[in-house]
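Heads up, there are several structures right after this.
Two complexes are shown next, each including subunit A; its partner changes from subunit B in the first to subunit C in the second.
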Partner chain A sequence: MRSLHIRWWTVGAAFAIAATFLVKGPYAASLVNLVAISALIAASLRFGMLIGEVSFATSTFVGLGAYGAGIATTILHWPFLIAMVLGPLVVIGISVLFGWVTLRIKGPYFMLIGFAFVEVVRIALGKIAFIGGVAGMVGIFPPHFVDPWMPTIVMAVVTGLLFSLYVIEKSDFGKVLVAIRDNEDIARTVGLNVLSLKIACFAIASFCAGVAGSLHGFVNNVISPDDFGFMLTVFALAFVKVGGESSIFGAVAGAIILVLISSFALGLGAAEQFVYGGAIVLAMLFLPQGLAGLPWRKCLPARWAKRPANLVNTVAR
Partner chain B sequence: MQTALQLLVTTLQIGAVYILFSLGLTLVFGIMRVVNFVHGHFFAVSALMVGVLVPKVVATGLTIQSAYLIAAAAGILVSLFLALIVYKFGIARFLRDLEGGFILTMGLALVLDGVFLESFGGGVRSMPPIIEGNVTILGAVLTTQRLVLCVVAALLTGGLYWALSATKLGKALRAVAADHEAAMLQGIPYHGLALIGFLLAALMASLAGVLIAPVSIVTPTMGTDYLMKSFVAVVVGGMGSVPGAIVGALFIGVIEAVGGYFFDASTATIAMFVIVIFVLLFRPRGLIPHA
Partner chain C sequence: MASPSNILLRTTGLTRRFGGLVAVADLDLEIRQGEILGLIGPNGAGKSTTFNLISGFIKPSSGTLEVFGRKCNGMSPTTISRLGLTRTFQHGSYLRTMNVRDNILIGTVHWLAGASSAQRMKRVEETAAILGLTPYLETIASSLPHGIQRLVSIAIAFATRPRLLCLDEPLTGLNQTEVATTLDILRSIRRDFGSTILLVEHNMKAVMSVCERIVVLHHGRQLATGTPAEVRMNEQVITAYLGTSHGK
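After this line comes the complex of A and B, so read on.
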């Protein structure tokens, strides 16, 4: 197994978490939360892309995470920690079932199924009265003693999950997933159960989306079905495409850059659509590998400039 | 009986517009293998142009009918121009790249959403009727305007069907859709035809937009709604298949009319998407698969 760069991860995570202590004021806090949660959603979408599938259902799983937090907190009055994990656990169950049915088909057909699924769930959530219908749920507050620490908690959970996703991707399991993407039939000939592996990948990605949803519910306090339409996944796709899908750092960097740019642009009065839409179009036309695909390594000293083998594979795809 | 007739008429009315809309979508998919998310915007821009221009032209003293025709021509031109730009600077680089085209057109759709909101405003427009009066067919009542809409849509669909099956251009388009490499070996210029096919699709979407503008409310985001349902139509019928798109569009019409009557609009939409999930699972190539 290649080095996991644990030293760099520790430094990076410590830095990110420490930075949240410096956050003052509600605007800065909400921006930090938004960046962290967006990064997790982007990483979740990208993890699904390891098997070559873009899962629009990501929107729905984020939504179910948020609704789990909402129902547990405002209706059932369950404690914070249980409310945090309720949605993601439900999401694991649903994603396994959904994946078991739908992962037999591939590419654009899978995208379209996800698309239809998101629309069905969004409209259906709006029709259920006890969770607020179209208006959604309000008052999803974390306990008072937790509230000031929310940015720190969000950052800690997000960096923890990002590191887990990274470790899984670098493990043998992750390599098998990439092998399935590159050629499913060959993977099958060596005796791999392709469908189960795909479902496992999908469930892991969906779980992370669910956690992102729970966090979103608690930091936003208000949720509605329309927050979880297919646009959420389109935005996440913009993060991944701009940052570059060859590495998890691409997805995270894309999320950080685009969220900051768009909140800056919103402050100037520009519409969100221009930022995200424009970013997707420009990235597709001029940066097919995203920012991660730029020749960064040429700027580094020669002894670091060796390209790891698995990156070459991904780029050659 | 009365209800059944009324529902049938409503189905045809809704279906007629969806047919025009879906035909373009399926044509683009067949020829270019691109799932075109911008298709709804070609539709919306012509409807918006009609919504904006008709009151202005009427104010100059022309009759509402001639105002409508002028506005419709302007709308179609703007839509075709938009399609030309989208094709030349975007889709031409993503021919036969399903995932790339999907993501690119999605980004373009977002940008155009922003452009439309900025230039037309977020408000909802409605228009005075172009043709007054009601007609009664076998006991079912509908406005003359909607009847004209149905007839024009049916004629356009028939014309397109004939053009695709009988003319040289239509044969070339079908050949490219069936096997673009074999078609190129026969000397059919693929890239030129792809552009023509794309413009033809945009033309149909803009005609649908022009026809829907007087009988429906016009908003900058109306295209997305039609696009979603036309996706369902195209997927159910079989992506790339012309008869499939017609069948699929009528199917959408039935669900929307019947489901909307007995339940409500959102239940009908849920039903549509659930059905499309099942079609994708069991017959991913649709009910009438494309060659």
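After this line comes the complex of A and C, so read on.
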């Protein structure tokens, strides 16, 4: 495993977590939470895209995470930590099962099944009376002593998971996932069990979506099935596309920028759908590689602006 | 003569139909330990179908497939490759977005699953050296010249250190120098690692120079088999390749 940029991750995470101590007032806190959770959802969606699949089921797994937190807190009265992990653990099980059935198909077909799954689960959640039906659940509060620290906790969990996703992507397992996206048949002929690997990738991505859901439940305190429709994945896709698919930093940057812009636009009376839709169109037209595709290195001081090794040998022959 | 133990792959009456078309008919094929076997035939002769059958990508309609003495009918490509048979593909048989190092690495992941990443890297670098890919290790595969991409596809397959290496038209689009280099590499792979090689090729001169035995397919059937010299002299082969004039 080559350089994991652990130093930069440590600095970035420390900075992000420290910044949450400066947050004053409920609006700023909710914005920080929203940015962090959106970044995790975007990174989760992007992780699934390593094997070349866009999983609309991401919305559902966020929803199941949130409902896990809601059920554990308001109905079962379980402790906070258990409520946090209940949803994500259930999500792992469901995503393995869902992946085992659906990951045999690819591309638009997989996307459509995910789309149908999201809508079915959304409608089903609305029909179950004991979790509030279409009105959803209220009163998902963390313990009183935790409440003021929620932005810090959210940021710490999110940066931890983002780093884990980054490490996994850079590992040989992560490379195998990209190999499957590039050419599944080659992966098969060198003895790799493609379906199992895809399911593993899908389960990891879904677990992160589930954690994002748990966090969402605790910081929002109110959830309803309509929060977890397909639009949630569309937003995440906008973050990934605007930020750039090629790196996890793209997904994070896209989430930060778009959430901030749309919060600003909401203040002006616009709907976030317009902001995200417009952002996707503009990014596709002018930034096909997203923000991560911009020539950032040119802006760096010369000693940092090393040429990426992969370009060194691409001389014309 | 070949004793049963040194036959790596045997098909008996292997047949594959696509609707009304019989792509491969009643094929009896034997690949012996340590040989370079050429599989040739005009376009549409059934070479690719045969390749897909023996590597598990399509299932036979009838007949049996035995790889390393095990009956493999209906086995998945993954299972067959885990027995020690690795193949390449005619088109784009490399990982586009990854550098050559990671391309070759993918070939080692299953076979060195328990090994440290340093050991995997050692295998990668050794493989790259054998195929002359060391200067390109950090280059993204899609940006390489065609000839080098062809070598990368062999490198991925060879990184598994297969007992039977099946190459699907590895010489297509290469210039003469590249063809000679690739053939030398195949010879040295066989000599140094004892790999057996099945070669599907259109480049007749190359096949004649590197293969010990050649199987000629025509309309899905085995038309002839033998040494390059025997095949070259075979009337039916000449007719199939060159066509026949009226009255003959």
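As a convention for this text, the second predicted complex is superposed on the first by the 300 of 317 C-alpha atoms of A that agree within 3 Å, B and C clash if a C-alpha of one lies under 4 Å from a C-alpha of the other, contacts with A are read in each partner's own complex, and residues count from 1 in each chain.
We adopt the following convention: contacts are C-beta pairs under 8 Å (C-beta built on N, C-alpha and C of every residue); 3 or more make two chains touch, one makes a residue touch a chain.
Note that the coordinates shown come from a computational prediction; the quantities given were computed from them, not determined experimentally.
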item: First (subunit B), second (subunit C), both or neither touched by A:Leu81; value: neither
item: Partner chain(s) touched by A:Leu285 [first = subunit B, second = subunit C, both, neither]; value: first
item: Subunit B versus subunit C as contact partner of A:Lys241, first or second or both or neither; value: first
item: First, second, both or neither for A:Ala135, with subunit B first and subunit C second; value: neither
item: Touched partner set for A:Asp172, first subunit B, second subunit C, both or neither; value: second
item: Of subunit C and subunit B, partner touching more subunit A residues; value: B
item: Parts of subunit A lying in touch with subunit B, wherever the complex brings them together; value: 54, 101-102, 104-105, 107-109, 111-113, 115-117, 119-120, 123-124, 126-127, 234, 237-238, 241, 271-274, 276-281, 284-285
item: Residue numbers on subunit A that touch subunit C, as the complex places them; value: 1, 172, 175-176, 178-179, 181-183, 185-194, 309-310, 312-314, 317
item: Subunit A-facing residues of subunit C, complex; value: 55, 57, 76-78, 81-82, 86-89, 92-99, 102, 105-107, 109-111, 117, 120, 135-136, 138-140, 143-145, 148, 156-157, 159-160
item: Residues on subunit B engaged by subunit A in the complex (per definition of touch); value: 35, 89-90, 93-94, 98-100, 102-104, 106-114, 117-118, 228, 231-232, 235, 266-267, 269-270, 273-274, 276-277, 280-281, 284
